[in-house]
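Paired with chain B in one complex and with chain C in the other, chain A is shared by the two complexes that follow.
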Partner chain A sequence: MRYLPKSPSERQEMLAAIGVKSIEELFSSIPEPYRLKKPLNLPGPLSETEVIQYFQARAAENSAGYTSFLGAGVYNHLRSVVTDTILQRGEFLTSYTPYQAEISQGTLQAIFEFQTLMCQLTGQEVANASMYDGSTATTEAVLMAERLTGRRRVLVARSLHPEYREVLRTYAKNSGLKIEEISYTAMGTLDLNAVKAALREDVCAVVVQSPNFFGAIENLGPLADAAHGSGALLVVAVAEALSLGIVKPPAEADIVAMEAQSFGLAPSYGGPFAGVVATREKFVRQMPGRLAGQTADQDGRRGFVLTLATREQHIRREKATSNICTNQALCALAATVHLTLLGKEGLREMAEQNLAKAQFALEELEKIPGVRRTFSAPFFNEFTVELPRSVKLVNAELLREKIVGPFVVGSVYPELTKRALVCVTETTTRAEIERFVAGVRHALAQPL
Partner chain B sequence: MAYPKQFRYTKEHEWVDAKDGNARIGITDYAQHELGDVVFVELPPAGKQLASGKTFGSVESVKAVSDIYAPVSGEVIEANAALQNKPELINTDPHGEGWLVKAKLANPAELNSLMDAAAYDAYIAEKQKEASA
Partner chain C sequence: MNSRIKKASRHTNQNAGLIFEKSSPGKRAFDLPPLDVPAVDPAKVLGGAHRRSGVEGFPEVSEIEVLRHFTRLSTWNYAIDLGMYPLGSCTMKYNPRVNEYVARLAGLATEHPYQPQELSQGCLKILSLLEKCLLEITGMDAITLQPAAGAQGELTGLLLIRAYHEKNGNPRKKVLIPDSAHGTNPATAVIAGYEVENIKSNAHGQVNLATLREQVNEDVAALMLTNPSTLGIFEQQIPEIAEILHRKGALLYMDGANMNALAGVTRPGELGVDVMHLNLHKTFSTPHGGGGPGAGPVAMKKALGPFLPVPVLVEKADGKFALDCHRKESIGRVKAFSGNFGVLVRALAYILAYGPGVRQATEDAVLNANYIRKHLEGTFDLPYTRPSMHEVVFSDALQKKNGVNTMDIAKRLIDYGFHPYTTAFPLIVPGALMIEPTESEDKEECDLFIDAMKSIAQEAAANPELVRTAPHTTRIRRLDEVGAARKPILRWKPAASRSEAAD
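Up next is the complex of A and B:
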């Protein structure tokens, strides 16, 4: 977007054209007490050189040279310069949500390819053009289940990402939707018996994440059967999309809510992300957001159109299926390019590396006296371990060694103190894992 | 297209064809024309209660999704299953094959507050005059 500064004489000219003398007079309809009497509390203008220096300083705050074992919803994966090169093409980078969609054939085709990839990964029949992130996608999936079933209670796994649960609670706060949390077993997976006991005829959906927040992979089949048995839908959230390179797609789910950040989006300052909602075709009219479709023009040539826009807020107002229609087109494009570069084999290989390295890290950590695996369920690239002392203290020691330590599980699960959620991806080398394990061993050996 | 004499009409462009306490309900030729090609219809299942003036479903055309308002109160006996695969019946035969639901009337006296064909014709003519003004 261009920034066009105005000179004082241009301002005067504009004011004169509409018949007022000053900016103050322009805003005179705003009552006196509501007008700001002092300048905005903002830093002053900077020269071009100063702006560049400012951003170089901010860029230097990035944790370059650090090795990270932090995941918990944001994952560090290899990215190709090809992705950035395509993202930075002006046609993609500067274009906004196409409201006159069909003139933007390139954007629509990119969205169509993204949807196709997301369907293949999730085992679902339709996927939307993306949403803000995994948390809003999960909430939208629940609202969709509510519309489809006409029921007002939802069973949510306590092992669903804590921030996803928080977003859902915010939406539910004034809508009348009742949320019931279901705990986890010693395996770290959702307690199926507790789900069965809580299922009643007013439950619209069972929401489970897989791999869940503790890293545990859920057994979705029995959960789907239980939910369907009482007329509820199964919503599966996927926070680590790369897991689908090796884990069976959640085809049993009625709605899949996914975070696609792992595909080509760097974890810089925690964003931006790209959410996805995928579902069965019969539910498509309650799916939030937009959908690009492939068709043929009057001469039989392939073309792309925006379908289902009739249910978006700029047409349907308060009856829209969602009030966040803006898709993350650029982020979705990054995911599309990234996945296309990897291909089916590459994706699987990358996933296998995550699995193998995480397994190795766990085995090495368990050699340290007092370090125990918390949950027995299979995991992908994240697992929970118990340390004999505070994870925060251990992390402080690790940071000195330029290692960003694991997530402090006790900070959001009071019942799980001294638990660390360790993430190991393909970006982590064997030497780095060994250095991390040595760092943990060293930190635990420090006198208190 | 002529508006059938035995029907009653609403300002939201629904029609009711009532007989012996039961009624068929649909949208008028004017409504289908305004909507354009209908691509999907959402209808309530049998047993659902209709409340006069409240929405009970929606019609999706290529241009928009529009709510359908119940012209009278009652209970749905049947939804037109043919519309699931052939929603275009609403465009081709809005007053016949394109009916939406059959309902058992809760209060037949409500029919008296609706327009007859002549009044609806005049109402449409007024609308069209406004639109071309």
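Up next is the complex of A and C:
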């Protein structure tokens, strides 16, 4: 086997040195009846060439050749080959969690830079080294708010990503948290009056996503005031982090839970991505996840270590702030390299292109009779439109044109049938947008 | 000293400040294609209140500077690619590069989780084949690939157990956890709504059956057992443990962190385990990447299948695959979308490369651990003498007499060109040296490691100060961790950086 570095004679030599006759002897502590008598029934062994061929064949069974207008929490953005070049350096790829700081300074400094970038983007004071994804970051943010306030009710925007809400429900079920969903207005934003009416002394957090699942940008100031007025915290989830290149950061939030997939990470059928929790300095000791901090060695040289570990499971066990151990470090590194490449100007320009393309797509769609924008709030690169017939039917027609149509909003919001969530990024060309709009027009013209 | 160090020699690596300190307005490292639709005025489209003019403090550098910056940083890291990484319980094995290649293929890396399932059959087939392989390796009946890491796998497993008990009328109150367990076990049990009750290991580091019999009652939901234990010892009484639990209606959860000792040799499903997680970033070689991403699939017996997290991968009558979200008894979702798909691709590539030969990897891992144990026994104290599986745990008892502890020895190993072993764990061995070589080390690397450890033991006796102040060859010396925690500096700030930039 090509991954195993021992010859048969070396194995014999090592067995002899140990003082056993056969490898079986080393497994004698497994009771005999439970030792496998025959080889596992697994496909392979495959050569490297065959491994590649297998996966190429599977890749060919997917959506190659299609243009997609899907977003809804996973976004296709440009990625520089430089990012992947750095990511594939063995020193980053094949190293462990940087517990041994003296030989992990590369990872530790990169995490410190990641934390800094995340603070700059979110307008928060501290950010952690990553969570699994946006959904678990949001959940951990709520659990953090519960610890900070000692309260048990959570007001969650119905416009928070449906899968984020599902994950929150799974985690909350056994912690005594009571989740209440708050609806949205005709603008597509969280209903502030409903929030105010539901806020009482027992609410730990108001949770809102911006831009929200419908693409609408939330007005965070009044929400923060309302939450703080009754002693609750404002948790802001960000699923499309690129929006922060051009949209005001959620600085009013007490905790920000972000999905950083848009920064250099491929859609990859849903993962691996990188979640982030960012917050105010005064809340840092209730924060989940790893943190890198700056310090100095005995000669006064600057260096970085994992710090405030007394919050974590390997020290605090059942009293830890979270059970998270392995996080998404390499994905966070991808985001760090990607954002460094983009820089201040590149980030702004990329965000502006998304804004312009989404505006163009909406204007073109609105030229089709019966197609109307659903919500009036400003949006970034995603918006909801109403079609005169079922989105599923339209998408079926678009598939024939090799177009993966927009997300079917009615599939998770029964009250929003015939609504499509259209996503356009800088990767979508004008020609593709025009072909999509023509496809929608054509689909709507088909006899039912 | 230098003549004794056979593996490592000193080399110079270059300094680099923080990327923010290199920034100068007007530089950029990435150009976008020109905008092909009419430009818009952001202030007008977004409204003045929402508009941001730019991110304050963001770096402005060129492409070569970015590449050099991160390349220099990378040279400050140790890695499997440089040599043995004997971190016990972490299974730092070779990360095959073909796995990286296939995970990046167009048609896999490019796929959106919400695209129509008829356009995702390739992805779903990969998931299905991985499920089948992992079920064969574990001897279980059902599996979910959704959890993002081991700790999330543990939570999923305990939620399954809770759902199972709830269906039988009582979720129960407690989870039993041996004192040798990893810290994630108790932290997870609490999130699942359980009280943690510790169980003490016996003198051999095994579960004490008599005590266990007394502790297991109708309040106990499950026992979380790591097997082999964190001492690297196989829990021989596992069938009896399962029986004691099952008699009271409790379940046996197995932490599969140490599956690298068992794959192809024995199957947890046949040992009486009801639910277990696997760490694909350990046993199945997906790269650890400086802390993640991982994947923590959870395999289970049939009785727990109805509670699987959604979506569940199903094969339809026509041979097509689909994701089923409508499962009445499901515990719900633990993560958005379809798990860490890119990690799952790598794990399947690893399994396909080995096929049934995965047993040979297990054998070599156990061979290496025992070879190292044999050569270091006597030089270091071995507190538990039962046969070792894939890792061996010594203590620093002999070196402590000279004022040298496990962390000192670990730091000195760095000077010898190795990554340290695990030091802080397991808690039942004070001053532990937890060594897991994995199957990826050749005989010569094992011999060099043994030489290094023996040499350090000599140094600890003859010149303890040399060991206590190690490492001596790294870019930076031991860092002030207490200061870091007392006055945390967790981000760069423009004003504060000026005085520090001088170093």
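Keep in mind that, in the parts below, the second predicted complex is superposed on the first by the 390 of 448 C-alpha atoms of A that agree within 3 Å, B and C clash if a C-alpha of one lies under 4 Å from a C-alpha of the other, contacts with A are read in each partner's own complex, and residues count from 1 in each chain.
Heads up, the rule we're going with is that contacts are C-beta pairs under 8 Å (C-beta built on N, C-alpha and C of every residue); 3 or more make two chains touch, one makes a residue touch a chain.
Owing to the predicted nature of the structure, the values given are computational and were not obtained by experimental measurement.
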Thinking of the overlay built on chain A, is A:376 touched by chain B (first), by chain C (second), by both, or by neither?
neither
Looking at chain A, does chain B or chain C touch a larger number of its residues?
C
Looking at the overlay, does A:344 come into contact with chain B only (first), chain C only (second), both, or neither?
second
Mind working out whether A:193 is in touch with chain B, chain C, both or neither, as first, second, both or neither?
neither
So, does A:12 touch the first partner chain B, the second partner chain C, both, or neither?
neither
Report for A:446: first if it touches chain B alone, second if chain C alone, otherwise both or neither.
neither
Is A:316 touching anything from chain B or chain C once the two structures are fitted on A? First, second, both or neither.
both
So which bits of chain A does chain B touch that chain C touches too?
310, 315-316, 319
Spell out the residues on chain A that touch chain B in their complex, using ranges where they run on.
285, 310-311, 315-316, 319
Using the touch definition up top, name the residues of chain B that touch chain A in the complex.
40, 42, 60-65, 67
